[in-house]
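Labels A, B, C, D and E are assigned to the chains in the order they are written; within every chain, residues are numbered from 1.
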Amino acid sequence: MAACVRDREFTSLLSVEFLTQLGLHKRRYVMGIDTFLSGNRSVLLAYDQGLEHGPTDLNQVNYDPAFIMKLADEGRFNGIIFQKGIAEKYYTGKVPLILKVNGKTQIPKGEPIARQNCSVNRAAELGAKAVGYTIYLGSEHESAMLEEFGRIQEEAHAQNLAAIAWIYPRGAAIKNDTAPEVVAYAARAGLEAGADAVKIKYTGDVETFRWAVKCAGKTKVFMSGGPKAASEIDFLKQVRGALDAGATGLAVGRNVWQSSDPMKMALTLRRLIIEDKSVEDAIKD
Amino acid sequence: MAACVRDREFTSLLSVEFLTQLGLHKRRYVMGIDTFLSGNRSVLLAYDQGLEHGPTDLNQVNYDPAFIMKLADEGRFNGIIFQKGIAEKYYTGKVPLILKVNGKTQIPKGEPIARQNCSVNRAAELGAKAVGYTIYLGSEHESAMLEEFGRIQEEAHAQNLAAIAWIYPRGAAIKNDTAPEVVAYAARAGLEAGADAVKIKYTGDVETFRWAVKCAGKTKVFMSGGPKAASEIDFLKQVRGALDAGATGLAVGRNVWQSSDPMKMALTLRRLIIEDKSVEDAIKD
Amino acid sequence: MAACVRDREFTSLLSVEFLTQLGLHKRRYVMGIDTFLSGNRSVLLAYDQGLEHGPTDLNQVNYDPAFIMKLADEGRFNGIIFQKGIAEKYYTGKVPLILKVNGKTQIPKGEPIARQNCSVNRAAELGAKAVGYTIYLGSEHESAMLEEFGRIQEEAHAQNLAAIAWIYPRGAAIKNDTAPEVVAYAARAGLEAGADAVKIKYTGDVETFRWAVKCAGKTKVFMSGGPKAASEIDFLKQVRGALDAGATGLAVGRNVWQSSDPMKMALTLRRLIIEDKSVEDAIKD
Amino acid sequence: MAACVRDREFTSLLSVEFLTQLGLHKRRYVMGIDTFLSGNRSVLLAYDQGLEHGPTDLNQVNYDPAFIMKLADEGRFNGIIFQKGIAEKYYTGKVPLILKVNGKTQIPKGEPIARQNCSVNRAAELGAKAVGYTIYLGSEHESAMLEEFGRIQEEAHAQNLAAIAWIYPRGAAIKNDTAPEVVAYAARAGLEAGADAVKIKYTGDVETFRWAVKCAGKTKVFMSGGPKAASEIDFLKQVRGALDAGATGLAVGRNVWQSSDPMKMALTLRRLIIEDKSVEDAIKD
Amino acid sequence: MAACVRDREFTSLLSVEFLTQLGLHKRRYVMGIDTFLSGNRSVLLAYDQGLEHGPTDLNQVNYDPAFIMKLADEGRFNGIIFQKGIAEKYYTGKVPLILKVNGKTQIPKGEPIARQNCSVNRAAELGAKAVGYTIYLGSEHESAMLEEFGRIQEEAHAQNLAAIAWIYPRGAAIKNDTAPEVVAYAARAGLEAGADAVKIKYTGDVETFRWAVKCAGKTKVFMSGGPKAASEIDFLKQVRGALDAGATGLAVGRNVWQSSDPMKMALTLRRLIIEDKSVEDAIKD
C-alpha cells in the first residue's frame, strides 16, 4: 500500500510524454512543491539566519521563533523555512514546512561546506513537505555537496517531499556571486541536479534574470531575499523584476522580519507576488 | 509496544500547538532533559576533564571517580557527566547520568575536532538519560560536528534520551570565546541544531548573557563552570548572574572538586541555584 | 524470477569461451550497450554541458531540454545523455537514455573530482539503459573515482544497465590531454576498469587513434564531440578518422545543438557514422 | 541463549553498586581481561614488532612465530599478542590470545595513524580473548583513533572480549613521551575511553608512575617493555618499579626474545611479576 | 550447508596445533593459494600493466588480452592476473584466475594510493580463486590500504578465495625499494597482515632474499617480475636466486609477453621454476 502510494507519487515527477508512454498519463501531476504555491506563485518565509549569520541578524522581537511562526501564519506565507531544532520546538503545523537539512555558521574561513544535519525521515516526521539544502557551487567541496544533495533528493522524493536547493556560488574562484552568468549557472545546476526548486540571488535586472529562469527549465525559481535592502521600494522593485523574469516567487527573511512593520511588509509582498500587482499598487493597498 | 512508547515520547518534543493540531495535546510533556531538573533549575557535575585536559586537573582525592560519584550523590547534583569508560566502571545509578559521547585531549594543535566515541545504544545500556556532545563552532571541522550531532540527536530522541550540546566556539577565526556575540551565537546554534540544552561560557555580565539565553529559545542553557575561579565569591557571582539572565543552571567540575571543601561548595551551589538564594544567603547557610 | 533474469544477463558479460565451459554457450549475447547500437555503430547526443560548463554553452533555442529531447528523437540518435534532473522532467522515453551519474561545474580550481550524484536504482527507475560516469584519470583524486566507478559498474550490471566511462586525463600531471599516449592510456584504463564503452578525445589522426581503439579491446570507443569545431568539415573529418580507426561512434553535443541547423547536422552524422559514408557523401546527401 | 550470555557478561562490566541496584549483584564479576591474570598480575608476550618496526628487530631464531608461540607456552606467559596474519598461521591455542587489530610500519613520516585491519568478529573466530588497539594520543588524527577504539571496544564487549589500548602519545605536539604528565595523561585517557587495560611507557621512577596508575583507576596498567634495555638488571628494576607503583604487569617483546636466553628471561620475569619477588631474588632463582 | 562449507574451509587457515586442539585435525588443509601451485612451486602471468603503466608497455601483439589468455593456457601458467574489466571480457576459465581488486595509473604524483575497484563477490562470480591487492607500504596512505586489505582478506577467506598482497614500499620515505631491509619489511608486513602470498621485488642476491623469505614465514613469496631485464639470462638468474632463497615462484608479465618468443620464455620459466632446473638446463631444454 505504502509502496503503491510511493509509485504513484514517484511517477508524478516524470515528464508527461514518458508517463503517457508508460500508460500512466491519467494520473494527476502532484508534487511536493505544489504544496507551497498559490496558483503558480509563492512567498516563503526563511528563518535559519540564526545559524547562518548568528544573532546579529535578530532583535528583541524577531529572536523568538514563536513570533516568526505566528507571522508566517497571519501573513499567509506559502511556507516557512526552519532548521530542525526550531521546527521541533516551535512549528505549529499551520503553514507548510520546509526543513533545511544542512547549515553552517559564518565563522570558519576557507572553502565553504555544510553537511546534512537532519535526516529526511526526521523532516517527514516533523511534518515537512520539503527539504532544503545549500550547495556552495564552485567551492572546493562542491562535489561533496552535489553528492549529498543527490542522495537527499532521492530520499525526499521517495517520501513525497520536494527537494529545494539553495544554490550559492562561493569560494576563491567566484569573484561576483550576482554576475548574470554566475546566477544562470546556479539556476542550471539546480535543474540538472534534480531540484524541484532553486533559491538564487537576483542579478539586478529583468533581462539577465530571465535567462537564469530559462536555464532552470521546469525547476521553479525563488529569488533569495538577501540582506535588508536600503529601502523597501528598492527591494520590492527587485522582487517585481524577478517575477517579470519568470520567477515563481521569493524566499525572504530579513526584509520582512527586520522591517519596522513585518506584517505590513508580508501583506505587501503577498499583493506583489501572489496577486501579481505592480510595486505601486502593492504598496498603496 | 516499544514503538508505541517511542511515538509517545517523540511527540513530546513537538510544540504544543502542533500536538494540539495532531490531537495529541492531552499527552504529558515528558522529555529526557526534565530528568535533570529540580523545579526548573539544575546543577550538573562534570567529570570528563581527565580526557579533555589531562590529570593536571586532578589531585590525590579527586582523581578517583568513586569519590566524584559519591560527591554527586551526597551533594544532590541533578546529573553527573562521565565519559563511557568511567560510567562503565564507576557509575552507581544514584544520580541521573549524562554520557559524553565525544571528547579529545588538549594536545593536538590546529583546528579542533572530536568524533563520537560512544554509541547512543551503549549510552542507553549504561543507564544514561542524556548524551552530551561538543561542537567546536567555527572550527574548520564545524560541519563534521554539526552533521554528527544531528545524527546523534535523532538516535538519542528515538531512545528518549536528551541531547545536550557543549557549544564551544574555537579555531583560528575565534578571537574571544566569551565575547557576547560569540556566546549568543553558540546558544542560537544549539537551538537550531536541535539540542535540548546547551552548555556555554558566561559572557561576564547579566545583560549580555540574557541575550544569549533568549537566543537559545526553548533550549535550556547551562553555564559552563570553567577553570577554577580566583575566588569562590567571584565564581558564585557569575553563576548568580547567569541565573538572573535566565539560565537553567550550571555544569560545573573544577570549581567544585578542586575546592578545598567540595561538599560545602556543592551545597552552596544548590542553595544558590535550586533554592534561588542570593550569593550572600547561599554562602552563609 | 528476477534473480533468473539477472543471472542470464550477467553471464552475457563473460567471454564466450568461459560461457561454453560453464555450459551456457547457447545463450544470446545481450548487453545493455547493444541498446545503443545501429548495427555496430552509434551516435549519442550529450546534453550535460549545462552542469559541466554552465549556460555559456547554451542559446535561446538549445537551452530548452524539450528541444533537445525532440532533436534526439527526430534526429534518430542512438541515445541521449542527461543528468538526473533533466531526465526526470524532460525524458520522453523515445530514445534510449544514458543517465550521467556524476558531474561537476568548471568553477573550482585544483585537482578535479566529481562524485556520484544519482543512484543506479534511480537511473533504472527513470528508464535508463546505461549509466555514465566521468573518471579524471591522473587527478590526485583518481583513486576515489576508480573506486566509485567500480562499485557503480557492478550495480549497473546487476540491473542489466551498461556502464559507460567518460575518461578524461586531467590534473597537474597531464600536459596535453589529446597526446596519443594519453588517449590510449584512457582507452586502456576503461577496458581494465570494466567499462562497456568509453568516451575519449580524438588524438588528431587515424593511426594513433587506431592504437587507442585497440587498447580498449572489447570495450567500445566513442569519440568525444568536444567544443564547437572551427568548421563542420573539420569536425566531420575527425569523426571519419575515428570511425576508420575502429571507433563505434560519437558522443556529441555542441557540434550538433550549437550548429546553425542541428537537424541537418544530426542527419549528416547519421549518414557518416551509421551508413558509413564518406564525409563528402554524408554532406551532400 | 547467546543473548543471555551476552547480557550476563555485559553487566559484569558495570560497577558493583549499579549491579546491586539492578538486582544483579550475585553475578560473578568475570571479564575478558581476567583471562590474562595470574592472581592480580600478568606478563604478556608481544610479537607485532615485525609490522611496527620491521625485521630489523628480528634475528635467525626469533623471526619464527612458531618459536615465539612455543616460548609463550613454555615460558608460561599470561597472553600472547599477535597481528591477524600470525595468529591465523601460528596460534596454537595454548596461551590466551590478544589480537592486535591495528598497526602501521615505522616508514611514513608525519602525524601517525593506524586504522583497524582486523574485525572483532575475526579476532573472536581466531580464539582471541582480547583485542588490542593503538591510539596515538596527541596526533592530528587522534580523534579518528578515539572514535575507532570506541566502536571496537563496544563490539569486543558484545562478544565478551576485553579491549586493551596501547596509548602512545605522539606527533609534533609531544616533546617527551615518557614525561610523567604525558604518561599519566595516557593512562587517564585509557580509563575514560573504556579500555579494560592500557599499555603505557614507564616514567622512570616509582613515584610518578604511581600517579599514572592511580589516574588509570580500575583500568589495569601494563608497562610497555620497549626496546632492548642496556642491561637486564636495568630492565628488571624498571619492571619492579612499575609493579611497586601498582601496575598489573608487563607487555614485553624485545627484552625477552632478543635476550641471549629468552626462556631464562621469561622465568625471571615470572618470578618478579607473578611471584612478586625482588629483582635480586628473581634473578638468582 | 553453505555455512558448513565455510566453516570447514575457514578452519583450514588455522595452525595444525590449534586445529588439533579443536578436534579438527583430520580435515584436509585446503587453501585457495594451493590452487596456484604445481607441487610447491608456481608461475603466475601478470597482465594489469595496461592500467598500472599504460599502453607504453604493450605492442601490436600483446595488447590483446585474448593473446595473453591463450599464452597463459598454452604456456601452462599456474595463474593469470587480470583486472575486473579484462577478466569479464576475456577470461576463458582455463587457467586459475587472480583478480586484482585495486589499481592506479602512474600519472598522479605524490604519495601513492589505490582503492578497491572490484568487490570480492564480483571476483568470486568471475571464477577467481584469489584476489590481489597492492599495499604501498610507507606511503602516507599506508594505513588506508592496510585497513582495506584487512577487510578484503576476511571477505576473500569467507568465500574460500586466497588473498595475495602486492607489497610495494613507496613514497617520500622510501629511498631504495630493493634494499634488503626494505624488501624483508615488505615480506614481513604481508605475513602480519594475513596475506596468503606476497609479491615482492628481488633484492639482488640469494642471501638477502632468503632473509626476506624467512620473514614471510608461512606466507608464500612470489618474486615480482619487474620491467624487461637487459638480458634473459640475467632475468633467469634472478629468478633462480629467488627460488634458491626459498621463494614459491614468480609473478611475471613483461619479461614474458615483451619477449621476442613469449611461449619459449614461458616454457623456460616452467622448467626453471616448476621442474627446479638450473638456468643452463632450463634454457637448453
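Quick note on the criterion: a residue touches a chain if its C-beta (ideal position, glycine included) is under 8 Å from a C-beta of that chain, and two chains touch if they have at least 3 such contacts.
On a predicted model such as this, the values are computed, not experimentally measured, just so you know.
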item: Shortest path length from chain C to chain E (each step joins two touching chains); value: 1
item: Common touching chains of chain D and chain C; value: E
item: Magnitude of the superposing rotation for chain A and chain D (Cα, nearest 5°); value: 145
item: Where chain B and chain E are represented by their mean Cα positions, the distance between them in whole Å; value: 56
item: Chain D and chain E: spacing of chain centres that average the CA atoms, whole Å; value: 34
item: Per-residue overlap in chain A, given as positions that touch at least 2 other chains; value: none
item: Sequence of chains encountered when the ring is traversed from chain B in the direction of chain D; value: B, D, E, C, A
item: Residue ranges of chain D touching chain E (in the complex, touch as defined); value: 48, 50-51, 54-56, 58, 60, 63-65, 83-86, 88-94, 103-105, 107-110, 113-119, 122, 125-127
item: Residue ranges of chain B in contact with chain A within the complex; value: 10, 13-15, 17-18, 21-22, 137-140, 142-144, 146-147, 149-151, 153-154, 169, 171-174, 181, 184-185, 187-195, 211, 214-215, 217-219
